[in-house]
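Paired with chain B in one complex and with chain C in the other, chain A is shared by the two complexes that follow.
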Partner chain A sequence: MQASRARLFKEYKEVQREKTADPDIQLVCDDSNIFKWNALVKGPSETPYEGGIFQLAFSVPEQYPLQPPQVRFLTKIFHPNVHFKTGEICLDILKNAWSPAWTLQSVCRAIIALMAHPEPDSPLNCDSGNLLRSGDIRGFQSMARMYTKLAAMPKKS
Partner chain B sequence: MAEDKASGSAASPCPSCLGPFLQESYLDHCFHNFCYNCIVRWAKVVAGKHSRQPSPSVKCPLCRTENFSVIHGYDGNSFRRHYINRDFASSPFFSEVHKYRLQCYNTEPDGLIDTFKVPQGGIEDVEIIVHHILGVIDSLRRNEHQNSLSTVERREETFKALVCQAARPFLAGRSRTNRFVDEEELFRASGLNTDAYDKVYMQHLGWIPPGITTEGIDGESTANSPLVPFVYIFDDDSDGNE
Partner chain C sequence: MQNQDGLLADAEVEGISSTQASNVDDWENFRDDAIMQQQSSIWAEEAEKIPFVGDKAREPLSSLAAEYQSGSPILLEKIKLLTEEFAAIRRTRGDGNCFFRSFMFSYLERILESQDQEEVHRITGNVENCRRTLQSLGYADFTFEDFFALFLEQLESVLQGNKESISHDELIQRSRDQSVSDYSEWHITHVSTYVTWMRKEDVKHMKFLCAAFLSASPYNVSCLVVMFFRFVTSGEIRKRSEFFEPFILGLTNATVEQFCKSSVEPMGEESDHVHITALSDALGVPIRVVYLDRSSCDAGGVSVNHHDFIPNPPSGGDLPLAAATATAAGGSGGSETIKPFITLLYRPGHYDILYPK
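Entry: the complex of A and B
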């Protein structure tokens, strides 16, 4: 069995076992392809994302864990480090700072941490970054809150 | 049973493959452990990103400490050391003779024992060993007259033990030292001088002796020497755990 498969299988078993351990993350492997994963993460509390549930799509390369997985938001999110259209995430550990000690689970945790602590100086969403950089916290929060309600929360009937 | 094993090893699996450690090895600065293959592969991936000037260090995947070598094969007495991105075969640091000598110490000795029949006893030619070991042997020979050790085998045994003791501080680990003594014995048994012995040895290894330099020497020597020599004999510190 190739190394990436073996490792993903280990992660799969770990996720099955820990299912109740981290209530903020739900990782699901594609039924037919162990290199495709989906995750649901809860928006961190005391942020505009609170109460929202955000879907992430993982695409794992053959060289994993020597190469990082590709992750993007499937749920629309207004965040300086997430591309508004594609959902691409600007996060160092998914690029240069990747290390094989990261797991899909810990990547999810890192993304939750990024949601709580945006880095407006390396923006993928310039509008969002500019609001934060100009000090308009209120403006940023209300935009982020609006998109959370629109895209990440159940519709009120 | 299999389940028990799996859960037991899961307590601290290799951080890279998440499986039980295979050839457990340690980084030299932070001492985090990984499978040997996992950490060496990771070091290669990192080096590949900066292909122009591969760094001689690798950051620990766990704590990002800079490390320069991977300690592995620890057996209680000795260990081996893999330096990050140091390709000795092409390093200008070593002369051809150095590389040859290093390769000798990383090759199985069996082949040449057939070439030279090793008789027991007899200390005629000790040119190859360093002055210190010479001194040890001299004192052994002087004492020999007083103690008058009975058999030839007994003498050979004592000789080996003493040379081992004398050489160990300079060679990493017991197996290396024994190897040195075996080499030395083989050399004495051959009855050849250093140059002639090296020629036979190189022929055995498939090397072209350094005397005959041709254009194709680089390709030839790397093709025939898949073994990467490590610098055990120059490692003072690697003997610390003895």
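Entry: the complex of A and C
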């Protein structure tokens, strides 16, 4: 408990210090609970997610950093490795490949990388995975693009 | 053996998931946290069976022979040979961290027994170098500094071990504080049993060491120190990536960086000669690995192979890039002058600690 709190506090200070270092990631800690974080990440360019802003919710376990944080998309996203309903993310570093060398910030970077490079062979969203696996790149891109427009972009009034 | 553990673990996974299956109506309820929870409950169960480091101190080697009673005659022959040279074995849990855990216990135990201030001073210097290595590789200090501090603390406490005798209560208290787990109740029972055993053995300065490393909770000092070694190993491999690259390519298809991220830094990833070479070099601690497998060499009869990992230069510290570290000692001369004080028994997939006679 103590160790995880101390570590998160260090990460918090680092995030404050490096606020402008990575313009694609905005990581914020919950005002009242250091175990809850939120992040806004920019959809990577040259992907169907370009132009979208995606919100991630972090829930950090007490055993952090020996155990990975739980992260899910709050913003709806059409991606083979993200559960369409729950936003759960299938990413090795959030499971068995986790190590304390990762930080909340670098997890965000890994998620952006996953957005740019989907792994259709281990899908959480089978519809999305099947489109890619059957080679229907265009179909996948237009679906992903549509959901980016619907869910991750500011609504035109 | 790790194989058996694997089977047991599998059996439990089936058992647990089948009982849970009735509660789980659809796939969507299988969330990550549920999987993690299941994993830690398996750990807790496993923990009751085998501690991180065996609680039977210096189990006689005959127990090893008993294990292979109906096994390969080559193995039995080799165990007989081992019995001539080694007095005992201390088992470690087959959780993928067994090499690091064996090394940790073996090294700290050695310091505890020898009270070798000079060695502590030497390794502290090397730990400083490792810290600088990680910094120069771009690791944020806060990701590794706690693990480094903890290892140095352990060194301190084993040095003081024979001056300050720890009371029973303090011992339990310490072990509780040091654990970051939910299993504290079970934990206390375990430590208490252990203290009873220790009195019988009357090895007073072993108390601290054992309390810190035998406990069954998944996140205690022992795990944090394993993580320290993983950082050190990863840093060394990346610092000398040109040297390690060919060895890594022989193991996997990964780049040096990928290898460190996926096979060195995560807990539970098993160790290979690459890890051992890197750790031995980084800390400047020679390690002997004795191989117990079914290989038999020439017709001249069975012999037990061993391999000495000798850091170069032997005093540790910064190493030249070309430093070849792995030197077979068995009769080949040259490295005979250095006798590693850490001896591990390797059976395919698992490391335990061996105690020479």
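Following the convention adopted for this analysis, the second predicted complex is superposed on the first by the 156 of 157 C-alpha atoms of A that agree within 3 Å, B and C clash if a C-alpha of one lies under 4 Å from a C-alpha of the other, contacts with A are read in each partner's own complex, and residues count from 1 in each chain.
We take it that a residue touches a chain if its C-beta (ideal position, glycine included) is under 8 Å from a C-beta of that chain, and two chains touch if they have at least 3 such contacts.
Keep in mind it's a predicted model, so treat the numbers as computed, not measured.
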For this session: After aligning the two structures on chain A, examine chain B and chain C and state clash or fit.
Result: clash
For this session: Identify the partner contact of A:Ser45: answer first if only chain B is touched, second if only chain C is, both if each is, neither if none is.
Result: neither
For this session: Based on the superposed arrangement, let me know which partner A:Ser142 touches: chain B (first), chain C (second), both, or neither?
Result: neither
Exercise. Counting residues of chain A in contact, which comes out ahead: chain B or chain C?
Worked result: C
For this session: Pick one for A:Asn33: touches chain B only (first), chain C only (second), both, or neither.
Result: neither
For this session: Could you look at A:Leu94 and tell me whether it touches chain B, chain C, both or neither (first, second, both, neither)?
Result: second
Exercise. Given the touch rule stated above, what does A:Glu11 touch, chain B (first), chain C (second), both, or neither?
Worked result: both
For this session: In the overlay, answer first, second, both or neither for which of chain B and chain C A:Glu62 touches.
Result: second
Exercise. For chain A, which residues belong to both interfaces, chain B and chain C?
Worked result: 3, 6-7, 10-11, 14, 63, 65-67, 99-101, 103
Problem set entry | Parts of chain C lying in touch with chain A, wherever the complex brings them together | 28, 31-33, 35-36, 139-140, 142-144, 146-147, 180-181, 218-219, 223-224, 227, 230-231, 234, 261-262, 265-268
Exercise. What residues of chain A sit close enough to touch chain B in their complex?
Worked result: 3, 6-7, 10-11, 14, 63, 65-67, 99-101, 103
Exercise. Where on chain B is chain A touching in the complex?
Worked result: 13, 15-19, 38, 41-42, 45, 59, 61-62, 64
Seminar exercise, completed: In the complex, chain A touches chain C at residues 1, 3-4, 6-7, 10-11, 14, 61-63, 65-67, 70, 83, 85-86, 88, 92-103
